[in-house]
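For clarity, chains are labelled A, B, C, D, E and F in written order, and residue numbers in each chain start from 1.
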Amino acid sequence: MKTVVVRNIQRAEAAACKILAGLGVSTSHEALGRSGLMKPYMRPIWPGAAICGPAVTIMAQPGDNWMIHVAIEQCKPGDVLVVGCTADNTDGMFGDLLATSAKARGVQGLIIDAGCRDVAVLKEMGFPVWSKAISAKGTVKATLGAVNIPVVCAGVNVIPGDAIVADDDGVVVIPRKLAAEVAAKGQKREADELAKREKLGSGILGLDMYNMREPLEKAGLVYVDNPEDV
Amino acid sequence: MKTVVVRNIQRAEAAACKILAGLGVSTSHEALGRSGLMKPYMRPIWPGAAICGPAVTIMAQPGDNWMIHVAIEQCKPGDVLVVGCTADNTDGMFGDLLATSAKARGVQGLIIDAGCRDVAVLKEMGFPVWSKAISAKGTVKATLGAVNIPVVCAGVNVIPGDAIVADDDGVVVIPRKLAAEVAAKGQKREADELAKREKLGSGILGLDMYNMREPLEKAGLVYVDNPEDV
Amino acid sequence: MKTVVVRNIQRAEAAACKILAGLGVSTSHEALGRSGLMKPYMRPIWPGAAICGPAVTIMAQPGDNWMIHVAIEQCKPGDVLVVGCTADNTDGMFGDLLATSAKARGVQGLIIDAGCRDVAVLKEMGFPVWSKAISAKGTVKATLGAVNIPVVCAGVNVIPGDAIVADDDGVVVIPRKLAAEVAAKGQKREADELAKREKLGSGILGLDMYNMREPLEKAGLVYVDNPEDV
Amino acid sequence: MKTVVVRNIQRAEAAACKILAGLGVSTSHEALGRSGLMKPYMRPIWPGAAICGPAVTIMAQPGDNWMIHVAIEQCKPGDVLVVGCTADNTDGMFGDLLATSAKARGVQGLIIDAGCRDVAVLKEMGFPVWSKAISAKGTVKATLGAVNIPVVCAGVNVIPGDAIVADDDGVVVIPRKLAAEVAAKGQKREADELAKREKLGSGILGLDMYNMREPLEKAGLVYVDNPEDV
Amino acid sequence: MKTVVVRNIQRAEAAACKILAGLGVSTSHEALGRSGLMKPYMRPIWPGAAICGPAVTIMAQPGDNWMIHVAIEQCKPGDVLVVGCTADNTDGMFGDLLATSAKARGVQGLIIDAGCRDVAVLKEMGFPVWSKAISAKGTVKATLGAVNIPVVCAGVNVIPGDAIVADDDGVVVIPRKLAAEVAAKGQKREADELAKREKLGSGILGLDMYNMREPLEKAGLVYVDNPEDV
Amino acid sequence: MKTVVVRNIQRAEAAACKILAGLGVSTSHEALGRSGLMKPYMRPIWPGAAICGPAVTIMAQPGDNWMIHVAIEQCKPGDVLVVGCTADNTDGMFGDLLATSAKARGVQGLIIDAGCRDVAVLKEMGFPVWSKAISAKGTVKATLGAVNIPVVCAGVNVIPGDAIVADDDGVVVIPRKLAAEVAAKGQKREADELAKREKLGSGILGLDMYNMREPLEKAGLVYVDNPEDV
């Protein structure tokens, strides 16, 4: 890993990000073709937030948050900080001071494949974090990492500028160039689902709405009347 | 596994289920003799729900929610869907569309040994889910499973029609034929606990209320005054 | 392990505990020199509680809560119960009856390296618990352990009387003799952080406030303009 | 759970078990239709054993091996002991004394959803064990369980007398009545695989041998020459 | 994810791979600057293998090994197959038939962020596999993935053609363009370590050999004679 | 934590350690009264070693092995190094160079609540290690810890000089002052077990040898002839 900071990155468009934030993680993930999803151990430290913004990426050493300070200078309003680590770690690399600094720069939130602390204060501040753990473990500022290089975070490779969508369902990474296309597909999907939801809500079965009866029968599904008939 | 759907199952009685829902998981589990409890990784996606109803069971392939659609047709008002998987899985096999459909059929809630998504919407809808994970990972409809056969869910074998009690403490499975008996025992237990709670609340010690001092002494418990005496 | 109960322990001073409760886990942990933190799997069963009090310790056998009854008699108002186990365990060793009894004795809360149940009631009662798991699994009263001997709980050795600080960030153990000193250091740290928070909130970068630019450069950090330059 | 011991169970036929032991876990599992597999955390304590025999089942309390002593009396030569627990547990419930006793009764091996100890001696004795953990943690003989009732072990419901196949790939449960049929299907599968192995070993591709090219194309797989073409 | 197969990839040079295989994972990882290491849950299914070769990458759906068949056609002698999954999975996606086919094509080994089966046979064949799990769970051939696109495997982003070094210490990924440079640095490191090993073996302390005494003192390390002096 | 090195510690007697090594972990743990056992995630990196020696303890920062170098100077022949960490960590803090140095000082082995690397070389050298993980992740020498203070390692508090017994069953800590007594009790236990093993090997049941039939009946165990009778 080169210990480098990249100053200029191309960011996913704000318009697409706004749409994606409204669509949420599950719809965006489907619209992308069911990829880009971070592992489900990434959970919000408080419920209800829903954001999308371009990634400013950080490759950090475990237990060392030096690079987060470095990264904040590179942030623009609307950005989302994404922290990957060179090894598994749950230490509390981010707390209320860093959140105050990030918020002052207009950062929307943080995605960190490690720990976070001061969670009661962060909730009060309304600063959303998705993390692997909540831990007060203090960290050092001793070893370099990098900022705005590709980093793997919770199982997904994140390129600086990618659109990061995060809500109560988790976190999904939309490649920058596909953000607008995925947003459009997601909107279409959402519209389709509205109609489906109404039908299902009125009691129409998925079996009928999706025409599943025939393929199920073809696949060999058998109906019997009683447990004894199995 | 036979790829079969059983249409007619015998359901735990509604009266017993109503009582069990009021008693909750811990009391029902004790009244059953301390068995039937699902593993503690099964957690509610939102707090505060407390339900009990007969199980409609689903054996699903990991990452495939086809059988949930099939199962919903077999549900009656008050039923609880219980999904087991043929292998460990955290994918989001259930979301708001399925919840809408299930709710329209009167399903009380879902117990799934896999993932769930759209959790913010499900909370809004008031549809309770106990799951192993929250994950937006999309699933397919490609491989058959079965409906209303016995399934292992989170470490417990569930027979279709068993009474499923679920609240913030987790999920317990009461065999159908024992539901009324367990409900009665649980009510008695609850009444007993009321009296105990009052005594304990007034400052009487469990040591005295349960007459533990003698058995403790017999078992060899020794009191010393100071750490140096150990 | 000797099956013993120690009656008289020296407790961390109430004045120091009060300050530490206000400072919270992260600040107390830093003021102690970044040690004493329990593993991050210890989570509050409901959010928002923040306590500090002297430890009454319990060494329990897995699935056996006999010693908790014994320990409650040894508690004084303001104490915090700390339960370690001789082996990994998630059973629900503590519920609403024990909480009622503990509360009647003035116990502030419970830290248990095992499971807890009746969590909805405990929340209602305002009795805070930090545990490894939530589980309704019933326990027995069959095997002796000990009370007020040193116990390892979630990776930390706790001496009876140590100050236990717990909040939404987790649990930290402050050695009894250091409680006042750590409280003082923590207050100073908090005061320092207030000033820092204001600066950071006004947009001053941590890079500048902490004078990091020079050490970063010395350590070899390089800035480039574009991804192609890496 | 009734605290009961069932004396007479119907056992999977020895002839079928012999064949299944030879086929191994993966082939038996496929021949059963890809079900019945215990969770992959079940690992042999030493490599190289491969057994199959009818299950004598034990439902045990965590940390209590009383019922294993009870069960050994019910064993016949060729049986396999299967232990499920009422809660997650890794204590060392089985060691060299129990193995000596079991071996004297002709028991082939042990499957335990908990811990095992004296593993160096067991290896020397040639007594195979598949367990969740290796742990020296001593256990008690205090609480009843049951013998020869259905038990869930590592995610699978085991009926007494079912054929248990275990080798370096894990453990699979074949329902007693299907043992002969699965053995026959497995033999056929093995024969088929022999021919396939030869073809594949000669360099013929699975793509061609299984005629996958057409379905892959239909499903939308595209070949490009270079990374830039993606 | 595009469902695509890339036919021509640039491979890490054979000469560099040969050196890296000899150096092993720990030395290669250090020579790369302490990055590129897969998570430690990746373990060899049998001990003693040590390989290095260019990656042919596979992005697979959980429980689906269709793409592995597709990938084998793209392999050249010396290649290493690397499988990432779109979601957490432990199913046995690779067994003796695929190993036979891969071996016939000259593939050196497999790295799979999922399960593997037939491990006794694979050991006998001398075909090395590093996997997340051993599981007999059968898989399907139903959903497309991709071959020779970048994939995240066990926390590391792997570009097709990267040099994969694997031995009993785990798996490290060396970017293709750096393979020769890292091999050279690793050889130098190994030579340096030889001298160090001799010194340390003769009883010279690391404290002296590395001149640590002064920096330790500066950092504040204090020596006391007895525990009472702490 | 004070950053201190204690030079003179009192060590468990060599004679007792020799006996304990022969008895092994399970017997020593029982003779101590079923306590002192490290968590079962501590596994030997190669099978067959069985050691016992006095602990030289190290409190290390995660990912930092500086203190291990410091500790080796404090070792005497026969000692066992025991490393605890201030936070969860799997990095490879110990490899062949440190092992060479430790071996030259007569150190018998290492117990580390973190990772270990160069495992193939360590096996070749015959240097035994019990660790939480195998990982090549390189570490730094940047932050102080302490040597020969009490440390928690894998759930057990270790006082410098305590007798550490380790074999294929795991690791147990015997308090220094109890080492001789536990060794004597363990020898008696082993002698008793010899007689028991012979009886059990001859086919006598544990039920009879331990006179369990009466207590089982009293506890309520019921025998029935057939499954239908349950």
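Basically, a residue touches a chain if its C-beta (ideal position, glycine included) is under 8 Å from a C-beta of that chain, and two chains touch if they have at least 3 such contacts.
Keep in mind that what you see is a predicted model, and the values were worked out from it rather than measured.
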Set of chains whose contacts include both subunit F and subunit A: C, E
Listed chain pair A-F, B-E or A-C that repeats interface D-E [over half of contact pairs the same by residue number]: A-C
Rounded Å distance, subunit C centre to subunit D centre (Cα mean): 42
Geometric centre distance via CA averages, subunit D-subunit B, whole Å: 28
Multi-partner residues of subunit B (each touching 2 or more other chains): 34, 37, 40, 86-88, 90, 135, 137, 143
Chains that touch, pairwise: A-B, A-C, A-E, A-F, B-C, B-D, B-E, C-D, C-F, D-E, D-F, E-F
Touch list for subunit B against partner subunit E, complex: 61-63, 86-91, 135, 137, 140, 142-143
Parts of subunit F lying in touch with subunit D, wherever the complex brings them together: 24-26, 29-30, 34, 37, 40, 43, 47-48, 50, 167-170, 172, 193, 196-197, 200-203, 205-207, 210, 212, 216, 219-227, 229-230
In the complex, subunit A residues that touch subunit C: 2-9, 66, 69-70, 72-73, 90, 92, 95-98, 100-101, 103-105, 115, 117-120, 133-138, 141, 143-144, 148-149, 160
Touching residues (chain side subunit B, partner subunit D) in the complex: 1, 33-35, 37, 39-40, 86-88, 150, 152, 155-157
